[in-house]
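Below you'll find a set of structures to go through.
Below are two complexes that have chain A in common, paired first with chain B and then with chain C.
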Partner chain A sequence: MKKELENYSILNKEDFNKFFNTLLGKYNIFGPSKSDKGDKLNKINSADDLMLDYKNFKMSAKEFFFPQCETLLAFDPSTGIVKNRSEDVDAKNDIIFGIRPCDALALSFFDRVFKDGAPQDPYYTEKRHRSTIISLACLEPEPTCFCNAVGCDVDSETGADIILTQLNSRYLIKSVTEKGIEILKHLKTLIPATEDDIKEKDELMAKAKSGLKSNVEVKALKKKLDDFDASFWQTVHQKCLGCGVCTYFCPTCHCFDMTDEVCNNTGRRIRTWDSCMFPLFTLHASGHNPRPSYKERMRQRILHKFNYAQENYNEIFCVGCGRCIINCPVNLDIRKVIQEILEAK
Partner chain B sequence: MKSIESEIKDLIKKLFSEKKIEVFIGYENGTLPLRTTPYFVSPNDDLDKLAWNRFCSNNLAVYLPRVVAKKKGGNSCKVGILCKGCDSRSVVGLIKEKQLSRNDVFIIGIVCPGIIDTKKILSEIKSSDIEHIDEDDENIMVKFKDGKKNFRKKDHLYECCINCEFTTPFVYDTLIGDGKSSSNTITSSQKVAEFSAKSRQERWQIFEQELTKCIRCYACRNACPNCYCKECFAEQTKPKWFSVTNDLSDIIFYHIGRIFHQAGRCVDCGACVRACPMDVDLRLFTRMLVDEVKERFGYDPGLNFEEAPPLTTFASDDKQEFITEPS
Partner chain C sequence: MKNPYLPMLTKIEDIVIENEARDIKTFKLSFIKKEDKENFTFLPGQFAELSILGVGESPIGIASSPTEKDYLLFTVKRAGVVTTRLHRSEIGETIGIRGPLGNTYPLPDMDGKNVLIIGGGFAFTTLRSTVKYILEKKNREKYKNLTVIYGARTPGELIYKNELWEWEKLKELKTYITVDKANGDWQRHVGVVPAILKQVAPTADNTIALVCGPPIMIKYTLLALNELGFKPEQFFLSLEMRMKCGIGKCGRCNIGHKYVCKDGPVFSFAELQKLPPEY
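And then the complex of A and B:
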């Protein structure tokens, strides 16, 4: 077999259920399915529940690794018992199946923040070690997608262990990491891929890429953003309502708060999503707030993504999924904000 | 005949040149199909971008307290604002509750033909790739990737617009529009009537069901002109009223607190429902509140400056059948 074909294999669509059920026997699988909260990552109990014809689901994959509310530990002062959350873990490992390449890339940013640096976050790291990411390449990006502008793409592999591409009547499967290779080993449903398969994938990807219409240029942005007191901050925030939609839906926003909840002498320490768009985010105990208005809070969000993340991680903490654009109540479009900043004198 | 849009533009030009306003809050076309976005216009800004159409959904009154507050300290100045019927009622509410003074704002009232619910239209189109949008008096014509479809405007209005009694502002400085407001004949919501006819247990069940969708992003609160508290009870830490979790009990606590603070104040503009990214049908609860206030106290908020809000006053013949004896 040719070297470049080594990591590829083919799964015929009629074998999909068999393939999926084999994995279900060994792993807990979480994939996109319909729920009260819209299309999102849910536990999948049968291949039929899986919904793979979505464009991108409503909530990003981050809530799996970084839930909106997570109990870190529980305590009972009367007995002196402190119970760590990680004491009850499932015997099966997890597969996150069918997330988009942008969400997978976003997870790699989460890794940089919570797993690869110091101090390491044990809660996130534990879940991450237990899980394998199988992503699904985009064939039809949404009009709000701008991943190409921020260093992501319809077939980005970063963050994924395996990437699937839907070809005509079959899936092309590529294992990206050792973890991915391990999972696919000995699966009888998989057959070797040919050069024609790769060619078909390349054509599909080229077509998908042509569907990305954003012409936002972020390279020049960092320099503009180095000017902390630039005058454009006076205007770009104006219509922002200051709600948490953009940050909650963002697959890379990772700020949190920790609270001790105590009731009748027992309690728990929880970690919950926080948002730099909320005044409470930076409110000091003294009553002073260093980010007193919408302007400073909006500036923080933009700078964190497009400036500080570059300085600290050499990345842009935006994957262009467009969720903030779709869900913003006032259509405050991040692409337009970037454009306005670039055009500002 | 001059279009309403150009009438608005001429008026704003005049207001700026006469220095009657320093900033104007209106709409421009958005970056998403069938959407507009709030537009803050300064004297030298491009008025060409200013839009008035059937997608001008946001209630702009929400911005007034902060824009006015920012301008204070300098010379006294006015903020110009474009107000549909409901928006003008919000402005009146803000003035009545002393968040603004009448002199702070120049209200360009506009006779509202009813705003079109973008989500209703999009839910009928499979493709999100919209190529072209056109309209005539009755219809919105949408051309998308795999075809085209006509949507009757009056069948695709926001729920609150379907039952709107006050399409024409009562309070304004200038009124724009042809005057013949398309007064709605059905001023009560069937959906809300059905909900309020249910038993208390069933209503609670629906209330819970809706709120399980909530992610506590506070978009409903922040889009609401009535929610201007400098510090929301939901974020108070001293005292802390309830927890920050997304447990249903905490979510419910927040919504009960917010919704009940709207009694006698909510103008049913629908801003909260539209803002909700999770499609929680908050209007089921707020509109029921509106109806109950109207039924018990005969009060419609935001129509004038004189009438006292029902919760700040009492009359000897106030209905009190809802006051229950402690058992």
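And then the complex of A and C:
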């Protein structure tokens, strides 16, 4: 076998159920399901419920690893005794099946924050260690997709352990990591891929890429964003209502709040998603707020993604999934914001 | 894997009301578990998240020195939900603590140098830790002249008063205590901290200055230091920001690409000049 074909294998469509059911025997599988029309990651109990012709999840895959509301610790409110969060750990590990390459890339950014940066976040890291990511290359991007503009792509591999591409009558499977190779080992349903399969994939990907219409160019953006007091900040936020929807749907937004609650004589310290678009996010107890208006808060959101993440991680914390565009109640389009900034004098 | 979100439990050993307005209290805490006490190693400038289970957490600078082995001191101004609840706490109550968090004053880099401490109002907590640390016999010989300039609005608003009067008597340091407005039989300096700094005029030569105080004091202190010939690399500020996790994950205390909780709270003025003025 040629070296470049080594990590590829083929799964015929008629063998898919068998392949999937073998994995189901060993792992808990989460993916897009027919029962909720591919809205979000769901537990999949049979190959028939899996929905592989979906476009993308409404919510990103981040909530699986970083739930919107998560218990950090429990305590007895009368004695103050802290109990480490008790969680029944399933004997089976998890497979995240069929998330789009943009969501997989976003997970790699989450890794940088929660897993690779000391100290490790134990809640995120534990879930991440027990899961394998099988992503699904995009054949038909949506009009709001702009992954190619931010360093992601229809077949981007970063963050995935395995990437699956739907060819005409079969699936092309590529192991990206050791974890991926390990899972596919000894699966009898897989047969070696040929150069023709790769060629077919390349053609499909080229066609998919041609469907990405965005022409924003983020390379030149950093320099513009280094000017903290640039005049464009006076205008780009004006449409924004500050509702924070963009940050909740964003697969890379990782900011959270920590609060205590006591209910039915059980206390919990929980973390919940929070948003830099809210004034309370940075309000000091003294009343001082370093980001008092929409202008500063919009600037923070854009700079965190397109400037600070580059300084800290050499990455742009945007994967071009377009969820912030789809869900914004006033049609604020981040592509246009970037364009406006680039064109500003 | 160590869980950085789990608080260690401490007991309140003592509470001191520090000021006339009675909204600043110092809590003396001791660890309940021996291993927690042994693992909690810190240097002046660091902070910790104090928590009352069921109420929440609040980031507070450590006011005791690492040389004070048996307890930790936290001086807390009553401001928000958690600090208000803390102020209602009694001796013997349990307080959670996560830390130590953040970086430290650049103590290792201050070897062989003069140390100038400038504090204002209630922002004297981690500076008190520093003074106490330097005054320890084995540390004192590492540093040259130690000068402390500390002020508050009125005599009643000065914190750690008994200790200040003790320091005035020591030959190991020079102490200048000032108030904006004198009352009663006040015999010490009168005038805002930057003005007293200019009067004292400590040399910038081979000196590191540590500054902590309200924004208006900081603003004019920086100007005064500049006039005295201090370079931005020579003076350090300790910053405050709304915080939650304290470990650089929750994303709210950033100034530019730096997190105050993780990269700070201590920054040299040279570092701050490179960051956006959003604090």
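The rule is short, and it goes like this: the second predicted complex is superposed on the first by the 330 of 345 C-alpha atoms of A that agree within 3 Å, B and C clash if a C-alpha of one lies under 4 Å from a C-alpha of the other, contacts with A are read in each partner's own complex, and residues count from 1 in each chain.
Everything that follows uses one rule, which is that contacts are C-beta pairs under 8 Å (C-beta built on N, C-alpha and C of every residue); 3 or more make two chains touch, one makes a residue touch a chain.
All of these numbers come straight from a predicted model, not from anything done at the bench.
S.K.: Please tell me, clash or fit, for chain B and chain C sharing chain A in the overlay.
M.R.: Verdict on chain A: chain B and chain C fit.
S.K.: For A:Y248, is the partner it touches chain B (first), chain C (second), both, or none of the two (neither)?
M.R.: first
S.K.: Between the C-alpha centres of chain B and chain C, what angle is found at the C-alpha centre of chain A, to the nearest 10 degrees?
M.R.: Once the two structures are overlaid, it is 90 degrees.
S.K.: Which partner does A:R291 contact after superposing on A: first (chain B), second (chain C), both, neither?
M.R.: second
S.K.: So, does A:F114 touch the first partner chain B, the second partner chain C, both, or neither?
M.R.: second
S.K.: In the superposed arrangement, which partner chain does A:N307 touch: chain B (first), chain C (second), both, or neither?
M.R.: second
S.K.: Would you check which partner chain A:T259 touches, where first means chain B only, second means chain C only, and both and neither mean what they say?
M.R.: Touch status of A:T259: both partners.
S.K.: With both complexes superposed on chain A, which partner does A:L332 reach: first (chain B), second (chain C), both or neither?
M.R.: Only chain B; A:L332 stays clear of chain C.
S.K.: Would you check which partner chain A:I270 touches, where first means chain B only, second means chain C only, and both and neither mean what they say?
M.R.: First partner only, chain B.
S.K.: Taking the superposition on A as described, I'd like to know which of chain B and chain C A:L167 touches: first, second, both or neither.
M.R.: In the superposed model, A:L167 contacts neither chain B nor chain C.
S.K.: Contacts for A:A47 in the overlay, against chain B (first) and chain C (second): which applies, first, second, both or neither?
M.R.: The answer is neither, since A:A47 touches no partner chain.
S.K.: State the minimum pairwise Cα distance, in Å, between chain B and chain C in the overlaid complexes.
M.R.: In this superposition, no C-alpha atom of chain B lies closer than 7 Å to one of chain C.
S.K.: By the touch definition above, which chain A residues appear in both interfaces, chain B in one complex and chain C in the other?
M.R.: 257, 259, 261.
S.K.: What residues of chain A sit close enough to touch chain C in their complex?
M.R.: 72-73, 75, 77, 80, 82, 84, 113-114, 117, 119-122, 125-126, 228, 254-262, 267, 269, 271, 274, 276, 281-286, 290-291, 296, 300, 303-304, 307-308, 311-312
S.K.: Which of the residues in chain C come into contact with chain A in the complex?
M.R.: Within the complex, chain C contacts chain A at residues 1-7, 9, 51, 53-58, 79-80, 83, 94, 96, 240-242, 244-245, 247-257, 276-279.
S.K.: Touching chain B in the complex: which residues of chain A?
M.R.: 36-38, 55, 58, 68-69, 142-144, 235, 238-239, 241-245, 248-249, 257, 259, 261, 270, 272, 275, 278-280, 293-294, 325-327, 329-333, 335-336
S.K.: Once bound in the complex, which stretches of chain B touch chain A?
M.R.: 30-33, 35-40, 58, 62-63, 66, 128-130, 209, 212-213, 215-219, 221-223, 231, 235, 237, 243-247, 274-275, 277-279
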